[in-house]
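Listed after this line are the structures, all set down as structure tokens.
Next come two complexes built around chain A: one with chain B, the other with chain C.
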Partner chain A sequence: MNGFMKEYFRRNGMLLGWTLLFLVGFWVIMLIILPQISMLDFSFRNHLPPPEMGGPKDTYTLVNYKFLIFGAQGNEDGYNKVDLLVFLRTLIAAAFVTILDLLICYPIAYYLGQSKGGGYIRILVLLLIIPYWINEILRAFAFRIIFGDSGVINEFLMLFSIIDSPIDFIRANIALYAGLSYAYILLMIFPMYNVIESLDRNQIEAARDMGASWYMIHKRVVIPFAKPGISSGCTMVFMLSAGALAAPQILGGPSSLWFTQLIYQWFNQGGNWPQGSAYAVVLLLTCIVIVLSVMRIFKVNMGDIGK
Partner chain B sequence: MKTESPLIRFGLAIYLVLFFTYLLGPLVLMGITAFNSASFPQVTPWEVFSFEWFTTLFNDKRILSGIGNSLIVGFFTVILSVAMGLAGALMLTQIWPKLRATFYTVIIAPILIPGVVLGISTLVFWDRVNIMLGLSDDSFLRNGIFLTVLGQATFISSYCMLVFVARLQRYDLGLTEAALDLGATHVQAFRKIQLPFLMPAVGSAAVLAFLASFENYNTTTFTFQDYPTLTIELAQKVRYGIDPSVSALAFIIVVITVFFALLNEVKTRRAQLAIANGAPVGAVSGSFKMPGFFSGNPAAVVLTLFVAVVVGTIAYSQFYDPEPAKAVLLKEKRAAQQLRIKALQERVRLQRLEKKLKGPDIFGSGNSKVPQPPSKSASPFGNVFAPTNLEKAAGTNKDEKKPAPKKPGTSAFGNVFAPTNLEKAAPKE
Partner chain C sequence: MSSGVGVDLQDMWIKFGDFVAVREANVNIKGGEFFSFLGPSGCGKTTILRAVSGFLEPSDGKVLIGGNDMAGKGPNERPTALIFQNLALFPLMKVWENITFSMEVRGASADERRKRADELLDMIALSGQGDKLPSELSGGQKQRVAIARALCAQPDVLLLDEPLSALDLKLRQHMRTELREIQKRVGITFIYITHDQGEALTMSDSVAVMKAGIIDQISDGKSIYDDPATAFVASFVGENNVFRGKISKIIDGQAIIDTNRTGLLRGRVSSMAQGKLSVGDDAMMFIRPEALDISEEKSASDTRIIANVRHSEFEGQSYNVFMEGSAGKEMKMALTNRGETRLYDADVELTLGYDANQAVIVPAGELASE
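Then we have the complex of A and B:
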């Protein structure tokens, strides 16, 4: 370790070496590690008014986690069904959005990756990126215009008398799923596109010459090759939709909350920070466990994420 | 792709159309609603083409101050993120090999951590630090801009780091070594050799960081305190009652985005053309020659047209007055309302008539004077036009003076917006 430091300063010099160390140290320690630890620590504490913090009552407790599982004390029900249900529904819905995005994006990623480039493809890529530059809130807003009671879809269906009265897409959560999959399309396409682009076209040609069907080519050649891209895209979309806050707030039905909305309520409306921290820790750990196990199942490395 | 069967190619074409409709349709529709004078963002029913929502937008103080806060936060976030991202990327190339995987996991993790969690942890941590240092409640550690910048920089630095890592892979460390051998100090070698090489990456990392900061919601919503950014203001607006001025803002953002995308495309193509022609890039991009600018560069043509349309629209909006068209629309609405009232009167009359005909047999004569309320779902013209009704109605005109009850709610104007009426309502110049 000592030799490494010597080598490091020999290569970078004192001033540059310390600047780099300071910047990286600030980022890793002050912005990434300590805040997470502090949140974890906070989640084990009692909810106290500021003057009592650090006092005798400020002890470690499991009360915040107990609340998530068992509900308020004296709850006869046994479990905190409302919050647990929201939690479960968030995870299932996020998985659903991820699968939906995968199905929508695989063909276009394959098409873009295997075409030979040129102006036409460049325009398509440009069109892909433009929606991603528009604010998240505005994208959700667009979906509210479309799916509202007097939105385009309802008006259209009623114009042709397919339905008599407007369908409540917002209550049915259709608007939410459409908005969420829309928001993360690009994050699904690009990892897949990058991998498929590097697939040698001759492999597909060879498979076709040997008589492989269209389905078999994808199953045996393209998908195994694109696996790092697919799992990288799926990981990002799953994490982001499970952690989404804006789209559920704007597009979510009145009766269906997203788990992040519960966290938001504990912080901004309930004012109970330790409780909110506990919920945030649960969300974070669950997401990490799910992503790591999916990566283990599909045998993908952390290094493939973010390519 | 040429060997695919026609069926697959046809399916692919349909899929592409559907995909891009899904991708761009919402934005196009949202843009259209910005020009509809109706007070709820809608495409149908179309009222009058107007620019009034842009005026509303430019007079909205909260939106304007939100933009100001966003720019301040964006500025500091870009500086901090680019610096930390660059430092992280440089460190990654030099770090002890055994530590490299761990280090990479740690600095890539913020991308995967939910934004909500980042916001909370930033808030909680700096609040703790504030208490530990014994500072007052309004110290800079609790300042909204300070917290927001740090919260955003946590994950935006990771994006920047990825951009730098990609560029650094093509950097030849021998260049720095050579500079050092020739007597340059480490700082000089970095500034004169390595930084110029990384400059394109610095540019794209900065743009990426600014965009990410500008549109961030999840982290900012926990840290903004007294300095709501544009995204926060928009979210408040959208959650509690929406009006088309949000569409107007979206329209402006889309226009700006398309402009820069086209500009970038023009530049790229010009560079490609230059390379194809064997000329150095500077020789082509340096001088602005009208014919040369357009030749073989369709993106430039599109860009010019686009700018012309935008400038034209802005100029047009200065003297365009939607009032006459609005007056026409109002007139039509009134006329339609009259028609509607008449139809209702007719229907009520018919219902009474029917009652009178049937009444004595079933209910006795007492009931015949009670008019039935018009049912909501039935067509306003009911069965006025059924031939049998006409015959029945022909004889008696007694109840005509009875005023018809107005239908509640917006549906009262339902039929005004039938396709044929739309043409009539369109602004006449």
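Then we have the complex of A and C:
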């Protein structure tokens, strides 16, 4: 370790070396670790009016976590069914969005990665990126318009008499899933594209020469090779959809609540930061556990994801 | 053991847009033959291989394998197996899974595949290495795994695209012998692509020499070397001293050529050029460095050349003497090392002699670029 640090300073010089160390340290400690620790700290405290903070009543407690699981005191039901159901539904919906994105993006990433043509591939990639210059909230509203009662899709379907009356895409949550899937498509495509691009075309041809069908080629050659990119994309899409706020807020139907919306309500409408923190911590830890277990099942190493 | 399935290319053209990659190729490869396509990079030899394996369709003409027209058949429907230049082993599969991939595709059971893999591993002298990953093998071992993988599919024709080019010299020479032995043992047709004349000459029954999409000559290695059909073949295969000039006399099989700088020289007309040359035609005569020797006679004649030594060097099996003839004509002579030192000082005048039968005359044509 000592030798490593010496080499590091020899290569970068004292000034640049310390500047880089300071910046990275500042980034990790001040912007990531400390806020999360204070969030964790908040989640174990009582909800008190400001004058009583730091006073005798400001002790550590599990009351916020108990609330998520068992509901308010005196709740005869036993469990906080409403919030737990929202929590579960959010996770399932996020997993659904992840799988949908994977199904949509794998063929695109494969096509982009294995096409030899330089010029028009760059244009295709650019076409994928340009829509993301538009603000996320604007894009969500655009989806609301497209999927609205008198939106393009309903108008189109009615024009050709495929349906008689407009479909309520918002209530059916179709708009929400479409919006979320669309929002994170690039995060799924690019990690896969990067890996597939580095796959030697000869391997595909070799497999074909040995009589492999397209299914076999993908199952035995392309997908095992692309696994780091696939898991990296899935991790990001899952984490971000589970933590999305704008899209559920704008595109969600009246009956469907996203867990992040509950957190938002605790912080902003309820003013109950400890309760909100507890919800946020539970969401974060659950997502990490899910991602790690899925990685374990598919035998992906943490190091592969960085590739 | 297979009786050997032949491959025929009939009037085959391959074009990419306006670019003609292969022009009117007519090749008849006999079953069980080791056949090489030899040529500089970009001459279209890999394109021919891809047309035989089915990765591309000829623009015109036919590919026949065992007499059957292969038009419209994909690489997975042809009785060929291709070994890629970079081998293209599957990095995430174990060696034994790599070797038996063609069986896995056909749905063979794991036990069956494992058994066959062990047999093939024995054959390539890699017993017990089946559970390794390709990345854990050396270059030569990977090479042998690629061969085993191709043979596992029991092809009638094995296609090899410069598979030895990534190996170092010693290993390359060793693998030449090994490939030849494997070919004799399995008895199937091998089609080998290379830009290395040494590989082509040592291994092949027949060699096709290619230049810019055109096949210049097809014959056995000795004829390619000793009796080249064109100026390109003579200059591409091995080293040669070239003398340009005009034919001044033709005497049964031999000719006197009036060279631009070295006067009248006698040579043998290449058998492919017999009857095609007449007095006054532009021609080229090629003399190999090893065909030149120091002459007892000191005067010039039609098989003797006077030249001044520029420098000489020792190369192990031979001494190379670089000389300048009249009007600055550069020549190289290779003298076999028989124990005595044969280095000459600069400016020493030598008279070189040669056997007219070892000097080959062909019509003037394009030379292989250095």
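The working rule: the second predicted complex is superposed on the first by the 281 of 307 C-alpha atoms of A that agree within 3 Å, B and C clash if a C-alpha of one lies under 4 Å from a C-alpha of the other, contacts with A are read in each partner's own complex, and residues count from 1 in each chain.
Quick note on the criterion: a residue touches a chain if its C-beta (ideal position, glycine included) is under 8 Å from a C-beta of that chain, and two chains touch if they have at least 3 such contacts.
Computed from a prediction, not measured in an experiment: that's the story for all the values here.
Undergrad: Overlaying the two complexes on chain A, which is it for chain B and chain C: clash or fit?
TA: Overlaying the two complexes on chain A (C-alpha atoms) leaves chain C and chain B fitting together cleanly.
Undergrad: Thinking of the overlay built on chain A, is A:Asp200 touched by chain B (first), by chain C (second), by both, or by neither?
TA: A:Asp200 contacts chain C only, not chain B.
Undergrad: Of the two partners chain B and chain C, which one touches more residues belonging to chain A?
TA: Of the two chains, more chain A residues are contacted by B.
Undergrad: How many degrees apart are chain B and chain C as seen from chain A, counting from C-alpha centres and rounding to the nearest 10?
TA: 90
Undergrad: Counting only touches as set out at the top, which of chain B and chain C does A:Ala140 meet: first, second, both, neither?
TA: First partner only, chain B.
Undergrad: First (chain B), second (chain C), both or neither: which does A:Arg220 touch?
TA: After superposing on A, A:Arg220 lies in contact with chain C but is clear of chain B.
Undergrad: Scan A:Ala280 for contacts with chain B and chain C and give back first, second, both or neither.
TA: First partner only.
Undergrad: Contacts for A:Gly270 in the overlay, against chain B (first) and chain C (second): which applies, first, second, both or neither?
TA: neither
Undergrad: Using the touch definition from the top, say if A:Arg208 reaches chain B (first), chain C (second), both or neither.
TA: Both: A:Arg208 reaches chain B and chain C.
Undergrad: In whole Å, what is the nearest CA distance you get between chain B and chain C after the fit?
TA: 6
Undergrad: For chain A, which residues lie in the overlap of the chain B contacts and the chain C contacts?
TA: Chain A residues touching both partners: 208.
Undergrad: Chain C touches which residues of chain A in the complex?
TA: Residues of chain A touching chain C: 200, 202-203, 205-213, 216, 220-221, 224-225.
Undergrad: Given the complex with chain A, which residues does chain C contribute to the contact?
TA: 53-55, 74-76, 80-82, 84-86, 88, 90-93, 101-102, 104-106, 149, 153
Undergrad: Sort out for me which residues of chain B touch chain A in the complex.
TA: Per the stated touch rule, the residues are 1, 3-4, 8, 12, 15-16, 19-20, 22-27, 29-30, 33, 40-45, 83-84, 86-88, 90-91, 94, 96, 101, 103-118, 120-126, 128, 131, 150, 153-154, 157-158, 162, 185-187, 190, 211, 214-215, 217-218, 221-222, 230-231, 234-235, 238-239, 242, 246-247, 249-250, 253-254, 257-258, 261, 265, 298, 377, 410.
Undergrad: Please output the residues of chain A touching chain B within their complex, sorted ascending.
TA: The touching residues are 1, 4, 8, 11-17, 19-20, 23-24, 26-28, 31-36, 38-39, 42, 50, 53-54, 104, 107-108, 111, 114-115, 119, 122, 124, 126-131, 133-146, 148, 150-152, 155-156, 159, 164-165, 182, 185, 208, 214, 235-236, 239-240, 242-246, 249-250, 260, 263-264, 267-268, 273, 276-277, 280, 283-284, 287-288, 291, 302-303, 305-306.
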